[in-house]
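Got some structures for you, see below.
Look at the two complexes coming up: chain A is in both, with chain B in one and chain C in the other.
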Partner chain A sequence: MREFLEKAGNIDRRIIYLIIFLAVATTILVKARFKSSPLPEVQRSYKIINDLPSGSVVMFSIDYDASSMPELDPMLRAMLRHCFKKNLKVIMLGHWPLGLPLGQLALDDIAREYHKKYGTDYVFLGYRPGLQAVMLNLGKEIRSVFATDYKGTPLDSLPLMRNVHNYNDIAILVGLEAGSVGDAWVQFANARFNQKIILGSTAVITPDLYPYLQAGQIVGLIGGLRGASDYETLVEHPAMASLGMSSQTVVHVLIILLILLGNIGYFATRRKK
Partner chain B sequence: MSISLNPWVWIAAFLTLSMMSFLYKDNIFYKIGEHIYVGSSAAFMLIYLWYFDVKPKLIDGFINNTGFSRWILIIPAFLSLLMLMRFVRPVAWISRWAIAFTVGMGAGLGITGLLQGFLVPQIKATILPLYVSGHSTLMTIYLSLNNILLILGTLSAIVYFYFSKEHTGPVKKISQIGITFIMVAFGASFGYTVMARISLLIGRVYFLLHNWLGLV
Partner chain C sequence: MKREVPLFITFITGILIIIALFIPHKPFGQLQTTFNDWLIIVGGFTMILGLDSLLLHNWEKIKRKREGWLSAAFLIASFFITLFWGFGEGIFFHRNPFDASATFLRYFYTYIFVPLQSTMFSLLAFFIASAAYRAFRAKDPNSTLLLSAAALVMLGRVPGGQAVAPWIFAFVFLLLAYYFFNESKETSGTQQTVYIILAIITLILIYPVFYILLHYLDGIADWIMNIPQMAAKRGIWIGISLGGIAMSLRIIFGIEKTYLR
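Take a look at the complex of A and B:
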């Protein structure tokens, strides 16, 4: 028995990788579903967007790239679905150049699904470097930063943008964050211009954003794949995040078992020494 | 099962498997994937900066604007040239002027941003009543305990990082409470990190099974 425990405590890491891979693949293949109720902060984010009057403007900031896509892309798609279903207007920009095309892809896909028209229902502004300077100038006049959209069309020739000049004209700012841009949104757009913000984030940075929620600096927080899955549930369109959460559950149980096994093996070896 | 016929999906699948192969050991496929990623990211960034910044803001701005808006652009153009002096060894030091400008602006914005947008609101958020009346006794206990924990956690964690007095006696006791709170925060952070990493794996496995092999 002790020999077995010793071996169990020294499993080759590659075997662990393989077990985790197989657990994820199997759960996705069998399309396992585990029920969970949405977190209060996600429900709050959903309610805030749901209560906006039709025609309100929601600004999305794409502050992630391909390495965070599995968590933030489903979140973006679920939120865009919600916005278009509620006839809200969407403006998209971003501070991560490598991620912006991903945001644009999702925006075009979902807009097509809801038969929305570019320039009237949604606009893609693109990217400008300068992070804080961009955020501060958006509070004064969007045109001072983005004179045109990403195609070079002047903003005033886009019907949606004619009456949008600064944060006063934006009902909610949704920042999808994989790094520290969310902090900058809070520190500049919220603290200086009182802009209402919902942050969607990768699980890694979610714990760092909870203090903002507790202090009322952001009105909603959607964290990681769990948050994305919750939002998919709320918009009644379960997709990749909901499917992924089942794998997540199975793998977490597996990791707990492996940690226990490792510790038992460690103590068995130590007693022998 | 309907395997994708899109060559780009096949390339993406090949690169995904190449990167994952590093888990077994370093190999040529991983190296290929890594180099393609670094190269394409750098090229993409360059194109993006050119088309979203240098061309519309500087070049087109100089051509199309008139008066002050036109001539003010000489300053960023000049600073950019100074920055490029890094590549000319005898005058590389000149690039420090442009860097000094960037650092100064960043520090100024950062300090005011942190004070106004982080420190003050966060301190305000910890000034809470120790007794909160709820709609039931249980709720009152819950809400009050929540506030007490938050205040205790904040103060004890600050004491843990107070190094001007030796951690003995009551200071030691309070700092031990502080480290307990910090450990709980680390634990939550670690749990979330595990979830994030597994999410990335889920994303790629889903891509392989859904987009590439068409099994899901």
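Take a look at the complex of A and C:
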């Protein structure tokens, strides 16, 4: 028995990799789904967007790339669905140039789904270097940073942009964050211009953003795959996040069981010593 | 002069930006906008510098056949394929390379770049699982506390976690009781009595812990995230911010000069 317990604390890493792989793959392949009630901060974010009057402008900032796509892309799609369903106008830009096309692909897909027209219902601005400088200048005049959209069309020729000049014309800013750009949005767009912000983030950086939520510097927080899955539940369109959440559940339980096994092995070995 | 001029520019720029924050009127407010425009332009040029450094470094690696030269060759080849494909899309087909109809976006970005980057990051799941198994040990009260909090949040934040957590924790408590009983067998006197009492308490605790986790795990996980986690995070952030302010002042006043190297 003791030998078995000692071995439990020393499982080959390849076996662990295999267990994790099988757990993720099986859960996705059988399309297992677990029900959960949305987190309060996600419900709050949903309500804020839901209560916006039709025609309000929502600005999305794509601050992630393919490495965080499984968490943030479903979040973006669920939020875009919500915006278009509510007839809100969408402006998209981003500070991660390598991730911006992901935002553009999602925007085009969802806009097509809801028969929305480019220039009238949504606009894609693209990327400009400068991060904080871009954020500060957006507060004064968007045209000082983005004279044209990503296709080179002057902003004033786009009906949606004619009355949008700075943060005063943007009802909500949604930052989808895989790094520290969210902090900059809070410091520059909220602190300097009082812009209302909802942040969606990867699970790793979500704990960093809770203080902003409690302090009222952001009005909503959607954290990780759980947040994305909750938003999909709220917009009644379960998609990739809900599917991924099941495998995350199984993997979390597996990791805890492995930690338990490792500790049993550790105590068995320690006693022997 | 090589050092004095940059130090002078840094000092003047830093002071003017601070003044503009408190006096956002002409000429300071306008000055801040101008500086921000310059920052955007300089930011664009830093990309060129970055490219120059990346290509030179990797070219040197290939030339001297240093370790990893093949990867460097792949990097340079990929760089030029990406560059020319992107330019070609614009020059020959008059399309933005990131337009939905562009072949660059459809083939290179969607089918090569995105899967490669996603694969790299997804490997983390395997490493994290293995590292957690090896490193998370309840060696002392601090690590036990960390381990328990992590387990509660991990299970409390996933759907279905509330149904599994009570059983896992009940099993842990059973193991603990077994451990205390075993220890009591190998000791005597007061120590033996203490171990027996600990084992009994652990056994008694199984039901209340099971009940609490079954009904309140979500709330417990939220509490951990909203109170202790946030308190610690705030402390860290305040420390970082004070450090940032101190470092900025050192740079503005020319005390910190390492950025000039």
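We take it that the second predicted complex is superposed on the first by the 273 of 273 C-alpha atoms of A that agree within 3 Å, B and C clash if a C-alpha of one lies under 4 Å from a C-alpha of the other, contacts with A are read in each partner's own complex, and residues count from 1 in each chain.
The rule is short, and it goes like this: contacts are C-beta pairs under 8 Å (C-beta built on N, C-alpha and C of every residue); 3 or more make two chains touch, one makes a residue touch a chain.
Bear in mind the structure is a predicted one, so any value in this text is a computation, not a measurement.
**Q** With both complexes superposed on chain A, which partner does A:69 reach: first (chain B), second (chain C), both or neither?
**A** In the superposed model, A:69 contacts both chain B and chain C.
**Q** Once the shared chain is lined up, is A:255 touching chain B (first), chain C (second), both, or neither of them?
**A** Both partners, chain B and chain C.
**Q** Quick check for you: in the superposed arrangement, does A:48 touch first (chain B), second (chain C), both or neither?
**A** Neither partner.
**Q** Is A:263 in contact with chain B, with chain C, with both, or with neither (first, second, both, neither)?
**A** A:263: touches chain C, not chain B.
**Q** Applying the touch criterion given at the start, work out whether A:202 contacts chain B, chain C, both or neither, answering first, second, both or neither.
**A** The answer is first: A:202 touches chain B but not chain C.
**Q** First (chain B), second (chain C), both or neither: which does A:8 touch?
**A** neither
**Q** Does the superposition put A:239 against chain B (first), chain C (second), both, or neither?
**A** Touch partners of A:239: none, neither chain B nor chain C.
**Q** By the touch definition at the top of the document, which applies to A:17: first (chain B), second (chain C), both, or neither?
**A** Both: A:17 reaches chain B and chain C.
**Q** Starting from the residues of chain A touching chain B, keep only those that also touch chain C in the other complex, and list them.
**A** 17, 20-21, 24, 67-70, 98, 100, 128-129, 132-133, 136, 150, 152, 207-208, 211, 214, 226, 248, 251-252, 255.
**Q** Which part of chain A faces chain C closely enough to touch in the complex?
**A** 11, 13, 16-17, 19-21, 24, 34-37, 39-40, 65-70, 98, 100-102, 104-105, 108, 128-134, 136-137, 140, 144-145, 150-152, 207-208, 210-211, 214, 226, 229, 245-246, 248-249, 251-264, 266-267, 271
**Q** Would you tell me which residues of chain C are touching chain A in their complex?
**A** Of all residues in chain C, those touching chain A are 32-33, 35-37, 39-40, 43-44, 46-47, 96, 98-100, 105, 109-110, 113-118, 120-122, 125-126, 128-130, 132-134, 136-139, 147, 151, 154-155, 157-161, 164, 168, 171-172, 175, 179, 182, 218, 222, 225-226, 229-230, 233-234, 237.
**Q** Per the contact definition, I'd like the list of chain B residues that touch chain A in the complex.
**A** 23-24, 41, 44-45, 48-49, 52-53, 56-57, 105-106, 109-110, 113-114, 116-118, 121-122, 124-125, 150, 185, 188-189, 192-196, 198-206, 209-210, 215-216
**Q** Which stretch or stretches of chain A touch chain B in the complex?
**A** 14, 17, 20-21, 24-25, 28-29, 31, 67-71, 97-98, 100, 126-129, 132-133, 136, 147-148, 150, 152, 183-184, 186-188, 190-192, 202-204, 206-208, 211, 214-217, 223-226, 240, 243-244, 247-248, 251-252, 255
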